[in-house]
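Two complexes are shown next, each including chain A; its partner changes from chain B in the first to chain C in the second.
Take a look at the complex of A and B:
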C-alpha cells in the first residue's frame, strides 16, 4: 500500500471509531445531567415562565423521551448512518442546517486566527532566530510570556476597549461588517506566542545543521538558503504543531465565541447543553471530533509532502 | 594558482586548538593532513574556509591565487564559496537536505543558479553523470548509500567550478570500495589543475593521493613532507605510533590464530531471509555461532551486514527461516555495541544514571563498574558527565563497559569503531577484546574494514 493510501485509510478508520465513540458518550452524559430533560427542553421552547408539568409531559410524549435509552440511542445511530442528523428538539430545524451554519462560522474564525498566529508568530520566530540572545530574541521571549500570560477573555476585553470602544475601528460583537476581526485577533495573538517560540527553536536547530552549512559553502545566496532549506525543514516540525493548535483553537473557542457573540460551534454547544437539545449536542460534538480527525489527516499529508523520509515502523530497518 | 596560509592560530578563549605556521598547496600536488581526532586538523580546514563555529576565533592570513584574506574576518571568504573554494563536508549523508531531491541540491551549486533554472538543472545532471550517478538524480538522500551520498556531495561541491577543494574526513564510515571511488574523483580533480587539501585519519587514502602529508597532534604540526617518506619511514615517534595503529600492524595478547575447541552452539540461523519493501537484504543464509567463537560479517556498505547481525540477536524479525538459541544465550546474555555511541546513550541524563539502570537490572555492584572502568583507562568520575561531554572514543569505551558488565555470552560489535580515528580505534578495540578474551565471550563483528576483520575474527562471513 502506498504511504499516501496508508495515511488516508488509517485516518478513515479512526474517524469511524471516533464518530461512534463520541456519539455514545454524548448521549450517556446528557442522560446523566441533573434536572429533568423534558422540563429543560420545554423551557428552551416556551421560556421558563411557561413551563409546567403538562408542557413537560407533552414534550416527553412528542419526543418519545420515556422510551428505553438504548432505543433512543439506536434510533439516532440508524439515522446517522443514513446521514440524517434529525431535528433540533428546541427549534425543530434540521440539525444538519443548524450545525453546518455554526461550523462555517467556527471554521472562518479558526482559519483567520491561525493565519494571524502564523504571520505574527512565525515572523517573530524567524527574526528572533537570526541572533539567539540578541534584541529580537529577547523581545520574542517577552512576547511569548506576555500573550501566554493574558487569558483570552482578558485579551479580548482589552482589544474591545482599545480597538472598538476607543478607536471605533471594528464592531465589538456579532457577525456584521468586520465583526470577525476582534475575535480572530484575540485567538490569533494568544496563539502567536507559542508559534513564535516553536518557530524560533526549529529555525535555530535547522540553521545549525550540516546541510545548511553545506548549502552556504556551495555558494547559494543566504536568502535562498533560508527559503529553500531552513524554512522548509523548520516547517516539518512547525506544521504538526500548528495542527495541534488548530484543534485546540476549534475546541477552545467557546469562551471567545461567547464573549464576542460569534455564532459558532462552541456557542451552539453551550446552548445545546443548556437546553438538553440532544441531537444538536451530539451533532456538534460529532462534527468537532471529525474535524479533529480531518485536521490530523491534513497534517499527516502535509508532512508527507514536506519530508519524504519514512517514519514509524519503517525506520526501524 | 596556489594557496598559501601563514600564521594560522585558532583559539577558544585562551585554549589554542590549532597553531600552524605555514600551509602551502600547489595545483596538482595534494596536501593531506593526518592525526587523531581533536588534533586540530578539521579546525584548520574550517579556519581557512571561514566556517568556524562562532565561539572559535582565528588569526592569520590566507592567499588564494592573487587574492589575500585576513582569517580574523569571518565573512571575507564567503564570495569564494562554491566558485573558487569548495568544502566537502564531514558526513555527507547529513550534509544533504533530507527534504530535497538530489538533482535540485546539486543544481544549487551551479554558478548563476536561480530557482527553476533549466541550465542549472542540466548542469547538475551532467555532473551527476560524471560521478557515476546519472540514475540517482531524482532520489532523496535517505535512499542513497554512504558512498553514493559522498559522491552526490562531491558533485554539489564541485559543480560551481571551484579550483580549491577542501575535504573534511571524507572516508569516515565508508567502505574501501567507496573510498577508492572517491580517490579516483579526487585524482581527476588534480589532473584538471585543481588544488586539494584533505583532512583524514585514513592513511590508505593519504598514500593513494600522494603529494604532501602533514601530521598534526595537539594543535601543532609534528612532521611534514612527501607522502611516500612520511607514511613509510617517519622520523617522529608520534607518526610511527600512528602508522602502528593500522589494524594490519596490530600486536595484542588477545589476538589468536585458531578458534577454540567446539563450544556449545549459542545461536543457530537456518535459511533465514529478509527483505525490505521490494529489496532482498539476504536470502537463505545459514550461520552458527558457538561459545567463545569470534565471527566477522564483512561486505560493502548496504550489503545487509547490520540487518543480519540484528537478526541473529533477535533484534530484527526474519521473513522466513529460523533462529534458535542455545542455553548460554538467554535474556541479557547477548549485548550489542552500536556504531554511533552517542545515539545509544540517553542524551540528557548523566552516564552514571544510564549505567545505574544496567547495574540494577543485572544486579551488578558499583565496585565491578569501577574496576572495569579502571582496566579500560577511564576514571569513575567520567560517568558524572553526559554523553555529549565526553569524546567519541571515551563514550564507546563506556559502551564497552556497559555491554560487558552483564557478563554476556555473545557481544555484537556493529561497526563499533568505524567512526573513530586509528589510534582511538585501536584503544577501543583493545578495551573490548581484552574484556572479551578475559570473559571468554563469543564475538560477532560487523565491519567493512577487511584488515580489522582479519585482526579480530577466527572466521569471516562475506556478504
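Take a look at the complex of A and C:
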C-alpha cells in the first residue's frame, strides 16, 4: 500500500470508530445529566420562565421521552444509517440544516483566525529568530506574554471598542459586512503568541542544522536558504501545532462567539447541552469528531509532503 | 459618509486577509432601515415559542391587541362580545385582510390557527378551557367549558398571531412566517437575525419606516458598544455599566418603563421551617431591598414594596409597604422558636435554619441578587445555600416537592390583563411559578369570582382580598420590580417604550435624515 493510501485508510477506520463511540457516549451522558430532560427541552422551546409541568408533560408525550432508552438510541442509529439526522427537539428545524449553518460559520471564523495567527505569529517568529536575544526577539517575548495574558473576552471587547465603536471600521456584531473581522482578529491575535514562539524555536533549531550550514556554504543567497530550507523544515513542527489549534477553534470558542453574536458551533453546542437537545448534540459531536479526523489526516498529508523522508517501519525495511 | 472611513477600512481589511472576509454578504446600514438589537435569540418560528418577535415587529397580528397603556384595542377583530355567562365569545373579523402571500384571510384560517394554539400547552389559550372554535359568517365563535372573562386579553398573546396556511410545512410545522401585518419578513437567519420590509398597499395607514432589522446580541457589553457606536438605533436590555456609558454619549438616550414583572422568592409554605408565617415574614423583613436594588441593579426606586407593581393600577390597593427591620425579623424568628446559637445561626431543637435558594442565570441579575439575599439573611441568623441552575428546575422541584425557596423573575402580565396570571399564581394547590404548599380560602373565592366575571366595586374588593393576603401571608416574597430599558438613537423619532412588549410600536416611528 502506498503511504498516502495508508494514511487515508487508517484515518477512515478511525473516523468510523470515533463516530460510533462519540454519538453513543453523547446520548448516554445527556441522559445522565441532572434535571428533568422534558423540562429542559420545554425551557429551550418556550422561554425560560414559560415552562410548567403541563408544557413538560406535552413535550414528553410528543417526543416519546418515556420510551426505553435503547429504543430511542436505536431509532437514532437507524435514521443515521439513512443519513437522516432528525429534527431538533427544541427548534423543530432539521438538524442537518442547523448544524451545517453553524459549521459553516465556525469554519469561516477558524480559517480566518488561523490565517491571521500565521501571518502575525510566524512573521514575528521568523524575525525574532534572526538574532536570538536581539530587540526583535525580546519584542516577540513581550508579544507572546501579552496576547497570552489578556483573556480573549477582554481582548475582543478592546478591539470592539477601538476598531468598531471609536473608529467605525467594522461592525461590532453579526455576520455580514466584515462582521467576521473582529472575532477573527481576537482569536488570531490570541493564538499568534504561541505560533510566534513555536516558529521562533523551530527556525532557530533548523538554522543551526548541518543542511542549512551546507546550503549557506554552497553560496545560496540568504533569502533562498530561508524559504527553501529553513521555513520548509520549520513548517514540519508548525503544521501539526496549527492542526491542533484549528481543532480547538472549531470545537468552539464560545466566549468570543457570544461576544460578537457569531452563530458558531460552540454556541450551538452549549445551547444543545443546556436544553438537552439530543439530536443536535449528537450531530454536532459527530461532525466535530469527523472534522478532527479530517484535520489530522490533512496534517499527516501536509507533513508527508513537506518532509518525504521515510519513517517508522519503512525506515527499518 | 465621507471618503476617509472607506479608505481606512479598505487598508485595515487588506491587512487582515481580505480574501476570506468576502464571504459575508453586504448589509450596510441603509438610512431607511431601523436597526434593533436585543438580548434574546430567535430559536424557533413556532408562534408559541418565539412568536413575540413577529408580533413586536408587526409581521403577525392577533385578533385583539393592546395599546401602550395596556388597554385592549382591535387587532384583526373589530369587535368582540360574550354571552351572559361569559362562556361563548364572538369575535367579528376585520374586512379585506390579506396575508403577505396575497391570499385573503378567511374566518376558517383564523379557526385553524386558534385550534392549534388551544391544543398547545405553551399557549395561554390552552388554559381557558376551549370547547369548540368555529367560523360563523365573518366572525369566529369560541365556546368555553368554564366562564372566562379574559378571552380577549388571551387573544392578544403572541402565540395566537394569525399565520397563513402557506406558513406551514407538510408536517404542520411553521417553516416561514406569512402574516397580515404592515411589515413582511424579508429574511430570517435563525437564531440571530430578522429583516422585514414594509408591505406595499397594506390595508391600514402606511408606516414611515421602510425596513427593519432585528439582531440578537447575547452579551450586554456588545449591545452597549452597538448603542454608543451608532451601530443600532434601538438597543434593548442594557446592564447598569452600559446604561451609564449610553447616558454619557451624545446622540443616544436611555428610555425606560416599569414592567409588570417582579423578582420574587417563591416559598415552599409546606416546608417544615417555612410553613410558619412568622418565618416567612422574618425573611421578608430581613431584606434591605433598597440597598440590594441599589447595589445590584443600581436603581434604588425599584425595590419592591409589594408583589404587584403600582403600574397595574387596578390591582394597587395602597397596601402597607413591606419594610426592612432586621431587629423585628430576629424577634419574629425567636417567637417562632428559632433561637440564636453559638455560631450566629438560629436553630430550633438543635437543628440550624438552613434553606436552599434556587435561581437561574437567564436574567443575569438573579444570581447576584441571590447572593445579596444570602448575605442579608445571614445577618439575622438564617443560612442560605444559593444554587444557580436551569430555570426548569423550579417547576421540576415544585412538582416533586423538594423546593424550599426559588428566586424568580415573574411577569404578571403575559397578556395585557394580569388576571389570568394572578389566578394562576394563586391557583388552589399552588402553581409552578406561583405559590407552593399555601392556601387561603378567601383568595380562592376571590379568584374564582373574578374569573367568573365580577365587575366594578365587587371586583375591586376581590382584588384587594388577594393582594392583601399576599402581603400579609407572603407565600411569595417580593424583592424588586423590573424596569425594561432601551438605548434609542436620536435619529429615531416617535419611539415609545411598551412595558408589556406587545409590540415595538415601529409603525409610530420616523427616521430623521
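The rule we apply is simple: the second predicted complex is superposed on the first by the 308 of 317 C-alpha atoms of A that agree within 3 Å, B and C clash if a C-alpha of one lies under 4 Å from a C-alpha of the other, contacts with A are read in each partner's own complex, and residues count from 1 in each chain.
Basically, a residue touches a chain if its C-beta (ideal position, glycine included) is under 8 Å from a C-beta of that chain, and two chains touch if they have at least 3 such contacts.
Given the structure is predicted, the values throughout are model-derived calculations rather than measurements.
On the superposed chain A, the positions of chain B and chain C stay apart, so the two partners fit side by side. Once both structures are fitted onto chain A, a short way to say it is that chain B and chain C open up an angle of 160° at chain A, using Cα centres and rounding to the nearest 10. Measured by the number of chain A residues touched, the leading partner among chain B and chain C is C. Residue contacts after overlaying the shared chain place A:71 against neither chain B nor chain C. In the superposed model, A:218 makes contact with chain B only, not with chain C. In the superposition on chain A, A:45 makes contact with chain C only, while chain B stays out of contact range. In the superposition on chain A, A:31 contacts neither chain B nor chain C. Here's the short version: in the overlay, chain B gets within 27 Å of chain C at its closest Cα pair. Residues of chain A that touch chain C in their complex: 35-36, 39-40, 42-58, 90-93, 98, 101, 108, 111-112, 115-116, 119, 157, 160-161, 163-181, 184-185, 188, 258-261, 263, 274. Within the complex, the chain C residues that touch chain A are 5, 8-9, 12-13, 16-17, 20-21, 23-28, 37, 43-44, 46, 48-50, 120-122, 126, 173, 189-193, 215-219, 221-222, 225-226, 228-231, 360, 362, 389-393, 395-396, 398-399, 408-411, 431-433. By the touch criterion stated above, chain B contacts chain A in their complex at residues 49, 51, 78, 81-83, 86-87, 89-91, 94-100, 105, 108-109, 111, 113, 115, 140, 142, 153, 156-157, 160, 276, 307, 316. Partner chain B is touched in their complex by these residues of chain A: 209-211, 213-220, 224, 228-229, 232-233, 236, 306-310, 316-317.
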